[in-house]
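When the chains are written out, they are named A, B, C and D in that same order, and each has its own residue count from 1.
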Amino acid sequence: MDQARWRKISDVPLMVVSVVFLAAYSIEVIANLQGHASDGVEVIIAITWLLFVIDYVVNLVLAERRGRWFWRHLLDLAIVALPLLRPLRLLRLVTLLAILQRTAGRTFRGRVVVYVVGSAALLVYVSALAVLDVERPLHGATIVNFPDALWWAFVTITTVGYGDYTPISLEGRMIAVALMLGGIALLGSVTATLASWIVERVQITEDSSQAATRGDLRRLSEQVDELKAMLAARDESPSREVDKG
Amino acid sequence: MDQARWRKISDVPLMVVSVVFLAAYSIEVIANLQGHASDGVEVIIAITWLLFVIDYVVNLVLAERRGRWFWRHLLDLAIVALPLLRPLRLLRLVTLLAILQRTAGRTFRGRVVVYVVGSAALLVYVSALAVLDVERPLHGATIVNFPDALWWAFVTITTVGYGDYTPISLEGRMIAVALMLGGIALLGSVTATLASWIVERVQITEDSSQAATRGDLRRLSEQVDELKAMLAARDESPSREVDKG
Amino acid sequence: MDQARWRKISDVPLMVVSVVFLAAYSIEVIANLQGHASDGVEVIIAITWLLFVIDYVVNLVLAERRGRWFWRHLLDLAIVALPLLRPLRLLRLVTLLAILQRTAGRTFRGRVVVYVVGSAALLVYVSALAVLDVERPLHGATIVNFPDALWWAFVTITTVGYGDYTPISLEGRMIAVALMLGGIALLGSVTATLASWIVERVQITEDSSQAATRGDLRRLSEQVDELKAMLAARDESPSREVDKG
Amino acid sequence: MDQARWRKISDVPLMVVSVVFLAAYSIEVIANLQGHASDGVEVIIAITWLLFVIDYVVNLVLAERRGRWFWRHLLDLAIVALPLLRPLRLLRLVTLLAILQRTAGRTFRGRVVVYVVGSAALLVYVSALAVLDVERPLHGATIVNFPDALWWAFVTITTVGYGDYTPISLEGRMIAVALMLGGIALLGSVTATLASWIVERVQITEDSSQAATRGDLRRLSEQVDELKAMLAARDESPSREVDKG
């Protein structure tokens, strides 16, 4: 069995695992479970983590050139190895968007919109969870409950930045930077999509001032072909005339 | 009577109702009327609300497939059912812009500008009203009078976000998020419109290096047609020659 | 004499007046002159103001349809009538940019850049002056010296909005909103110019896959014309043939 | 020897010098070395500075028209003369990106991305260093350690601007303004690149509705040439017919 095959098999299951992980992670962080209460959730998270590890190992084993694959997928290693990067395991959910689209056939611009909106929403939600997870225990932290964390995430991704809530830990700020860059990407994509739409709409002027299409040219060259046919036809006739003479 | 007909009849009246509602709502919130003073306004708002309900019911009754229409217009139901979404009733005013334009025939870009400016202005004004409405009664709220609310709305939609005024209630923050997203849309539309304009202007170089238009091609194909005509004409003459022979 | 003529005469002088006004206004605000010290400056400002009034009156008198011109130029009236709008008198300096360009012949994009940079710089400087002018006397104001005002203007036009300095008066906030909108326009223009440049650069691919230009078509239609000429020539010859027969 | 030659020789060495300077400068600022500890670093910085001076002098000496070159390169003079502008010496590192690209051949858009990401990262890092360098000694400064400085730089270049950290010195604010303008350029470039990409992707529709290319036209004009050839051929034949008659 090779990697491609494994991916085809593991793709959907791992997405389910991601959703389970997202649910468990959300419950743990939002409910801020302590002691025994959180044990159950911890177990679930541990299992999902184990499954991600297995996926990583299998991929490593199945890789044709293991060394090369290893170096090229250090991030994947980091994601399963470092608890801090746990939230990145949810990146897999972005592939979910791809599937959503395959079902609903769309234009290119439509797909961009789905991706942008979906990724932005996921980024906001996950960042809120992650930042709350790292900030709450800290002394002097302002982001200590989920509604505030969500509010902070929105304020940040839209680059509004009131500053009423700000992360104070290194981890929290790393999440914030990711969110800000996400905001710039969001702003950029929205603008770019609008621009391409407007540019297109503006170009739709009356037909005769539109750029000549290949189709038009084809029609023209057919005319020329007819001409050649007519000439070719006349090339016979004269000889006949002469015979008659 | 079907829905289309009803809409044609109800479109303008409902817009008037929206304007009345906007006026009454503004007075109530800005003047912060209490007790008897606000009764009159409350009555007007109640009447406008009743009219929106009637419109919703009529639309529901006239719908060909009622079930489908119901599920597809849950938002409309929410808008008339939930007091929190009251401000959304003013969305109808956006259609007013459409009418403004029909009177003044414009280019596509011109229409975009009118929509963007109009919607942004409406969004800022209504958000200021709504946020003031929900924040003022709260203990520790910073947005407690209309000028500050309006200032906050501008600071937010432009994504400047000083943070000198920020909503503290969930409703207020939901309004703020709407405003931020509106800001991103605003920024995007402004940029996109400018881009399409500049792209267009830059392309206007000297004529002969411009893209060939369908018009040009048509002229060319006419030339070819004349050619065919000339050949066709000559196809008769030879026979005559022969007769003479 | 008509308006066009008057404008041609008054254009440059009024620009000089604007520069003088800008200088005097800057000195008065930055140096925060009090009592006798400011008298001289006040006189100069009064004179420049008088000249603007004269220009307005002359334009009104010379207008073909005075009523129409009056209603269409209410802003001009407000600018000379309301001290608050004094800074807007400097809008005339934007025309200075137009002249700067006429000297340096540029591409369309180049002109856009000059306008954007010039207007943004002017907007930042004038807003800083104006906001300082209105805020300094107020109790509890944070913008009380020019460097801070300039810093605030930059923080605002770039939509960063730290919130370390914010206007508290209505006039100050109106100036701030103008600056924010200027910021959105700035961001939009920068992006749009970059976009048109990149789009153009990307389109420069190998020649034969480029859009057919009018020039190309013209060459083609000349070919067809030659063809017609050749046919026309042959249309004589046959008759001669017959004669010979 | 002329300037071009000198540049070819000095280009790489000066880049190395820049890297050394960056390293030394980073160590000095981040470690906040005092007294003897910093002497070594100071020496290195002094040497790199000396090399920049030498480069400037050599360039001045080798310039064909010295006076003209001097006035056109006042900034270069300022960069070596004013300690405040020290960080600008690192601008040279941007040329490093150019080299990075020559190695990896890319599309135009790819190059833009490399430049934007590289410059933004360099700008953030250097601004953080520079602002920390000028702010730390000040009483009442908030940016007093490198992590905070870096955080502030990210918050500023993304135009989020929480305001939890802000420069208070004139130098610090000048650096901040540079960073804000960098942020606008960053936002603009990201959006513009995305826009050109989306516009391109959207245009890829089915072939026959695409703009006619020069290649297509060439094929057509060849058809017409064949036609002319055929006519030319027939122009001989008739005479022969007559002879036969």
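Assume a residue touches a chain if its C-beta (ideal position, glycine included) is under 8 Å from a C-beta of that chain, and two chains touch if they have at least 3 such contacts.
Worth saying up front: this structure is predicted, and the values here are computed from it rather than measured.
Student: Are the two sides of the chain A and chain D contact the same residues or different ones, given that same means over half of the numbers occur on both copies?
Tutor: Answer different: the two copies use largely distinct residue numbers here.
Student: What's the farthest chain from chain D if centres are computed as the mean of the Cα atoms?
Tutor: Checked the centroid distances; the maximum from chain D is B.
Student: What is the distance in Å between the mean C-alpha positions of chain A and chain C?
Tutor: Distance between chain centres, rounded to whole Å: 40 Å.
Student: Need the CA-centroid distance for the pair chain A / chain B, whole Å please.
Tutor: That pair's centroid distance is 28 Å.
Student: Do you know which chain A residues sit against two or more other chains?
Tutor: If we look for residues of chain A contacting two or more partner chains, we find 159-163, 187, 191-193, 195, 199, 211-213, 216-217, 220, 224, 227, 231, 234, 238, 241, 245.
Student: Name, in rising order, each residue of chain A that touches chain C in their complex.
Tutor: Those in contact with chain C are residues 159-163, 191-192, 195, 211-212, 217.
Student: Considering the complex alone, what residue numbers of chain B touch chain A?
Tutor: Those in contact with chain A are residues 107-109, 112, 156, 159-163, 166, 170, 173, 176-177, 180-181, 183-185, 187-189, 191-193, 195-196, 199-200, 211-218, 220-221, 224-225, 227-228, 231-232, 234-235, 238, 241-242, 245.
Student: Which of the residues in chain B end up touching chain C in this complex?
Tutor: 147, 151, 154-155, 158-164, 186-187, 190-191, 193-195, 197-199, 201-202, 207-213, 216-217, 219-220, 223-224, 226-227, 230-231, 234, 237-238, 241, 244-245
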